[in-house]
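One structure is given here, and the rest of the page talks about it.
Letters are used for the chains, namely A, B, C, D, E and F, taken in the order the chains are written, and counting of residues starts over at 1 for each.
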Amino acid sequence: MPVVTVQMWKGRSTDQKRKLAKAITHAMVECADANPEALHVIIQEYELDNWARAGVLGVDRTDI
Amino acid sequence: MPVVTVQMWKGRSTDQKRKLAKAITHAMVECADANPEALHVIIQEYELDNWARAGVLGVDRTDI
Amino acid sequence: MPVVTVQMWKGRSTDQKRKLAKAITHAMVECADANPEALHVIIQEYELDNWARAGVLGVDRTDI
Amino acid sequence: MPVVTVQMWKGRSTDQKRKLAKAITHAMVECADANPEALHVIIQEYELDNWARAGVLGVDRTDI
Amino acid sequence: MPVVTVQMWKGRSTDQKRKLAKAITHAMVECADANPEALHVIIQEYELDNWARAGVLGVDRTDI
Amino acid sequence: MPVVTVQMWKGRSTDQKRKLAKAITHAMVECADANPEALHVIIQEYELDNWARAGVLGVDRTDI
């Protein structure tokens, strides 16, 4: 019954998410013996002003 | 000081959430001796392309 | 495909958790039209020094 | 590699978040010996009908 | 700056986790254009009495 | 009603956590107008084999 939660910047297409969900599920089955039927992948998308690294918000960073 | 987080598809009405928060709080008090005054219920709503089961996104499933 | 996460102090018995999981699942079905088959309840238990309210750790509080 | 997640009502300005991310990062470095370079602060903002205390949704409370 | 959180039953070896972290990171880079340097994978392991599906705790299920 | 969750390596003393909870609460009040009475700080501690950066588990890293 695993749950995998992905937290990332907003902006991926549905097709990217489709491939990502498939690849993460595959990784969980291959590496952690997970049963895919009960495996959930949850995606949370964040705005640039809702995430900071080293104390600096995404809106103020120049390296992303 | 419990926190209960509900993650589900988008689409419930405020009235459904109102009843849900009340019922979950009641369950926590009855079954886990929680103090309701300090009990938080947090609801996270997800789009169909932000949740997958068995590696298939909600937008691509026909059983939901 | 809802996921409900309960975060609370350590110390409930397996039987309390059993009743809690059942009651929360029932609340989700009744109030939010959830499909119980795909509904997960996850319990996280915390030590008294891993939770604070009003800036005061559980180990230092006298009201819990 | 710490991750700090802040869950709060919607409504803070980017400038408030900017100061908050900085202050939390500073607290983590000062009090928990965190390396700021690898420290993430994630902000989740909630609508009034997605958070309840004592079983009552934010939209129905008069004290917030 | 993505963060991927894996919630699963207790019991995987360090080597399984090693392969899992690598495979998930690879999936994030391939499918979601993530920068691996800032990508965190967090693993949470759960006891059988801290997770329920369909209202039934893991300790009471016969299918896992 | 904010909730702040800190995820970090295992190993901080109760006194470090005490100061951290106080400092984060102070930051939330100063920068985000939070009401301290209803503010929770939750600490999650992780083992070295339950966290990876750049696809490499903490147990295999030499820079932490």
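Here is the rule we go by: contacts are C-beta pairs under 8 Å (C-beta built on N, C-alpha and C of every residue); 3 or more make two chains touch, one makes a residue touch a chain.
This one's a predicted model, so the numbers in the text were calculated from it and none came from an experiment.
Counting C-beta pairs in contact, the pair that comes out ahead of the other among D-E and E-F is E-F. On residue numbers, the B-D interface is repeated by A-B, which shares over half of its contact pairs, out of the options A-E, A-B or A-C. Homomeric contact chain D/chain F: same residue numbering on both sides for over half of the interface positions. As a whole-number value, the distance joining the C-alpha centres of chain B and chain E reads 21 Å. In chain C, the residues that reach two or more other chains under the touch definition are 1, 3, 7, 17, 24, 26, 38, 40, 42, 51, 53. Chain pairs that touch, as defined above: A-B, A-C, A-D, A-E, B-C, B-D, B-F, C-E, C-F, D-E, D-F, E-F. Put simply, chain D touches chain A in their complex at residues 14, 17-18, 21-22, 24-26, 36-45. On chain C, the positions that touch chain A within their shared complex are 1, 3, 40, 42. Contact residues on chain C toward chain F in their complex (touch as defined above): 7, 46, 49-57, 59-60.
By the touch criterion given at the top, residues 1-9, 12, 16-17, 19-20, 23-24, 26-28, 30-34, 38, 51, 53, 58, 64 of chain F touch chain D in their complex.
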